[in-house]
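For reference, chains read A, B, C and D in written order, and residue numbers begin at 1 within each chain.
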Amino acid sequence: MKNTFGQSVAITIYGESHGEAVGVVLDGLAPGIPVDRDYIDERLTLRRPSGRISTARQEQDEYRIVSGVFEGRTTGTPLCIVIPNTQTRSKDYSATRWLARPGHADYTANCKYHGYEDYRGGGHFSGRITAGIVAAGAIALTALHQKGILTATHVLRCGGVADRNFGDLQADMQALQNDPFPVLDAAAKDAMRQKIEAAAEAGDSMGGVLETVVTGVPVGVGEPFFDTVEGLMAHALFGIPAIKGVQFGDGFDMADAMGSAFNDPFRMENGNVTTSTNHNGGINGGITNGMPILFRCMVKPTPSIYKEQQTVDFRTHENADLQIHGRHDPAIIHRAAVVVDSMAALVLCDVLAGRFGTDWFIQ
Amino acid sequence: MKNTFGQSVAITIYGESHGEAVGVVLDGLAPGIPVDRDYIDERLTLRRPSGRISTARQEQDEYRIVSGVFEGRTTGTPLCIVIPNTQTRSKDYSATRWLARPGHADYTANCKYHGYEDYRGGGHFSGRITAGIVAAGAIALTALHQKGILTATHVLRCGGVADRNFGDLQADMQALQNDPFPVLDAAAKDAMRQKIEAAAEAGDSMGGVLETVVTGVPVGVGEPFFDTVEGLMAHALFGIPAIKGVQFGDGFDMADAMGSAFNDPFRMENGNVTTSTNHNGGINGGITNGMPILFRCMVKPTPSIYKEQQTVDFRTHENADLQIHGRHDPAIIHRAAVVVDSMAALVLCDVLAGRFGTDWFIQ
Amino acid sequence: MKNTFGQSVAITIYGESHGEAVGVVLDGLAPGIPVDRDYIDERLTLRRPSGRISTARQEQDEYRIVSGVFEGRTTGTPLCIVIPNTQTRSKDYSATRWLARPGHADYTANCKYHGYEDYRGGGHFSGRITAGIVAAGAIALTALHQKGILTATHVLRCGGVADRNFGDLQADMQALQNDPFPVLDAAAKDAMRQKIEAAAEAGDSMGGVLETVVTGVPVGVGEPFFDTVEGLMAHALFGIPAIKGVQFGDGFDMADAMGSAFNDPFRMENGNVTTSTNHNGGINGGITNGMPILFRCMVKPTPSIYKEQQTVDFRTHENADLQIHGRHDPAIIHRAAVVVDSMAALVLCDVLAGRFGTDWFIQ
Amino acid sequence: MKNTFGQSVAITIYGESHGEAVGVVLDGLAPGIPVDRDYIDERLTLRRPSGRISTARQEQDEYRIVSGVFEGRTTGTPLCIVIPNTQTRSKDYSATRWLARPGHADYTANCKYHGYEDYRGGGHFSGRITAGIVAAGAIALTALHQKGILTATHVLRCGGVADRNFGDLQADMQALQNDPFPVLDAAAKDAMRQKIEAAAEAGDSMGGVLETVVTGVPVGVGEPFFDTVEGLMAHALFGIPAIKGVQFGDGFDMADAMGSAFNDPFRMENGNVTTSTNHNGGINGGITNGMPILFRCMVKPTPSIYKEQQTVDFRTHENADLQIHGRHDPAIIHRAAVVVDSMAALVLCDVLAGRFGTDWFIQ
């Protein structure tokens, strides 16, 4: 399906970094969900670059919803969002047209699309494409919020600095909501920013680890063997440019643990089944167990760096040196937080609608 | 799609641990691929428990291929494999029918299937189901081998012991082929076994990390935005019971690295484009770049342990203590290696057939 | 997806006419549906050849359900049915191995599968494959019956003889339930049989038109633009060998009508919205309107005839004459009725589960 | 998947009749296909209403391609087309907001979308949505033309008047290319127009039968059991509003024929395998046999008529009379011809890319 993901609730992604627009078609979401442009704007703002640690390209993301909304609510038919590109500076790219930028998709796209790809700014492989996911995700989140399902993502690790783990979930999740650099611990936040600024000054870039929590998902959701919550979520998350690792619960961090430590004991609490630990991240056998869903994404350092790099010219097939110009982010991990959050929301709408029917989200 | 995965080449999984049979339908693979029963047996043997570090349940996996093969080769129409269960001892489970085994899918399956699930031995959530994946994977691997594509998986980490990284790929991959406990370094191998045996004696269990390499995949394969090689592979891998994390290339291990360290410089080598490092694991922008594909799976410790555990009775909704009996593995990570390898082969057949057409595999 | 159909409830078909077995995997159907072997047998009997107007090959269809059923009910996990072939006489086919039987898939399969196909008795293209659909369909029908949804199919036309249209639906549908030659009008039934017998004596074959009715489907089901009830149903129905046309409501029969005649006026009746005619076959805009769903399938005459036919040898690429031997049906339209009915049931389970969630069928 | 169709080459449809825009995302088509705006315009013109036999609403279809095209050719990444609605007159609809128009989707959509649907002009169920299919279809046709695959559709029957069958295919197909009322026989064409005009004067409407031919499709394409060329084509065609029947080859018209008449004898002709008749419409066993693909669609009479009709008010649940105003077509069958043609082209691109790989279309 390539650029479409989801069965009951699906999104279709389109656009290139320096083309006319990027956008998304959101299909299958229940009718009657309020489409709140202020909230969509708020979410798009979190993705938008700002300050010294981001690219100087400033897109206002003045999107248009051209279908699927009537009298302020979703109709239940496809909702198409068009986000025009306005701040393109394509000449930044023509000089290096045939030089594969290391870590980018230039070379692989050239092999796959035989030179017909729009190479400017990474074309369809640009992080710019994620604006559509954030816009559609905001509507998905509205649907989830109505059902008591909440999400939050923080930068768990960046430049060797670790944020603290989630503590009081309600307070922590609230604190992260509108933070353009979402870190729980204030000192860690400052230290991370400094690391990124130092990297920027050195013409280099940083990556890190994001951690996401989702609360309120009912027990019994997920469709093993293959359409586990983990599998569907990971499939979608790996579409986000720069994500190279996904783990649920403690994942790799407890690779050395024994079963007696990793198993989450079940306990009754206020009449509900719960687990006293959550190493499995709220999922057993690919199905939600009612505990918070927890997962982490490794975001690789932005491949666009200003240091000179070795590469090849894929037209002449000769070694070459590459000096990137243009406007680039020394880190996108903080901007990626809202993208991960949005993608998670879309995947959850899909599995919930598949499990409980399309009308489940209707209030 | 639940129990079916793949678009051009797809598998459908069925069966329960203590039902009549487990198995798989493999659909869409090219006609004319040799079906070598010796090779399938060899692969199934790698998955089969053996020795002190495995369950005492000994299934002979005397499978039948009931369709899709004619005169020793695939017909191109669906190939159904039936693997009877013969060594079932269901009474081991009746006593703990309503006690959720921590770390298992008992509770979540009960919520999802409303008590109609076959609870014996984990039912459809048992690792036993992966026998079908190994059998189908063997045929997929035959198709890949004919095209020069090879796979290998080793236990990178177990019980705090680390194997060495891949060195001379050709030799290392060869060495791993028929090893039921695939570790590159002999001392690490011994140490891992000892860790598992110690865990077994303590009534506990171990997990770890598997690392897989695939060589020979052509450049330009993968279908972003969503059907990246990473996304498809992770989706399928997370279906394997016990896998809680998937990363490509260095993934989480280089979360603190800068772009200048993570970017893989392109270089010409014998007339071919290559990269001088492979931190991205052979994939840029979700598309293969011609370098070896490298990924790691975190396998959680086997949840079946003999130590007493806290749990709930999900019929009475009261706290309870659980003492598991029956036959269980203190570790399945070494047996999981062949499953991961097989799943990777099936996913690759799918993306390659989608990219180059169904006839690409015909010799 | 080739041999898998359905999203929420899916079937995967496998098998060849003269291989070891044919069968089906049914996935996604709700847990707790009773699996009534007597009813499955009854349905398989309707598909089985009998009497002078059918092939002499007598398969007993002693199927095994090897997964997905526990204590007599569906578990909600994949249900695999294996139906062994026992009465194969492959030598009937070796003499004409390379002669394309007109109207059959021999030539096209040979082109597609490059000679690796199992050619005996049509291989995977045999009507024998539909046994699995009938078995799975019986379980789907049980689920539908519990929700008050009923189906019936009659031979509307055969050999120039027309059956009467449906009248008193309840009585008519009841009358058709266990009729191996389902025709409403007794005289038409006799006349059709005579036509088929005459064709058989002439070494020729007959086809015809089947008409199916489904009652009790709730209003508001179907997923336009593409996943209309008509589109999904037709997609599945065209998989049944020999079906060359599908129409809903009056379809082609009212191609010359004006809008004022074709539009079905809405009327209130006992507090319910209904239509006073049903030219649209219970579907408006691809969505059910609560009226009976009505559709017709054109079944082409069985291509296996005993008359000498012109053909080509697709190995030597020369013209040839073909004299078919073996055991063949002079008509399969009456046996196809239960197949159409079963396929319709499976498609409806899929769209209903997608619309109302997987638990909708649980009593 | 609702509004997305296709696996290798897919389209996603969006838009409402009186919303901001309608459009389509075309995904998976090969890179390098010329995007010829003149040709797209030409095709859109064929769909556009004109003259006395069409609605007075005149949309200029000044579409924008906002992604997926670079330097005049497809990039291989999703191509999004936005076609603004400019001539909307929504007040025509507010008076009859709650009156279900017979034959339309008003009532069923209201049940499905719970009143949140955009009811104006049929909303997402309007024929207006097909503009996107024609635009995307024009690009698909360009890809097919490069490979020697041609399509043509004529009005075979309308108002009791029959066109002649195809004769000299090359000449007939050429003659139909730019005809806004595509009929082969000039006298039949005049008679059909007169029938439509008479219907218009009577405040009524006409439907009919379209016949489509496709030449040049290679032998061996189609993916039985389910993804037959017939099944995929019918699935997509039934999405087109007003289509209520689809048949391949002679379909229902030869329901009374014997096998000896319906079977198409194979013959060698100039070194190629061919059939001396084509009752099966170029498809055997769901797979192309190299002969022209032939199919027919029944297009029901336009449900919007000016005669008073009986209906219900689905808010008050009372019987009511309905007098439709607004701008409507007395027939859309001639405008539907280009839509059917376009949809067929899209489906063929999908099956061909699935069979031969995505690069097959690259010149």
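Just so we're on the same page, contacts are C-beta pairs under 8 Å (C-beta built on N, C-alpha and C of every residue); 3 or more make two chains touch, one makes a residue touch a chain.
Treat the numbers as computed from the prediction; the structure is a model and nothing was measured.
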Checklist entry - Do the two copies chain A and chain B share over half of their interface residue numbers, or under half; same or different? => result same
Next on the checklist: What's the farthest chain from chain B if centres are computed as the mean of the Cα atoms?
Outcome noted: D
Next on the checklist: Using mean CA coordinates as chain centres, what's the gap between chain A and chain B in Å?
Outcome noted: 27
Next on the checklist: Based only on mean CA positions, could you tell me how far chain B sits from chain C in angstrom?
Outcome noted: 38
Checklist outcome for this item: Residue ranges of chain B touching at least 2 other chains are 1-4, 7, 13, 28, 112, 124, 223, 359
Item to check | Of all residues in chain A, those that touch chain C in their complex | outcome: 7-8, 28, 223, 354-360
Item to check | Contact set on chain A toward chain D in their complex | outcome: 1-4, 7, 10, 12-16, 19-23, 25, 27-28, 31-32, 64-68, 70, 73-80, 82, 84, 112-114, 116-118, 123-124, 359, 362
Checklist entry - Considering the complex alone, what residue numbers of chain A touch chain B? => result 1-5, 7, 13, 100, 102-105, 107-109, 111-112, 122, 124-125, 129, 157-160, 199, 202, 204-209, 219-228, 230-232, 234-239, 241, 243-252, 254-268, 271, 273, 275-276, 280-281, 283-289, 296, 298-305, 307, 309-312, 314, 317-319
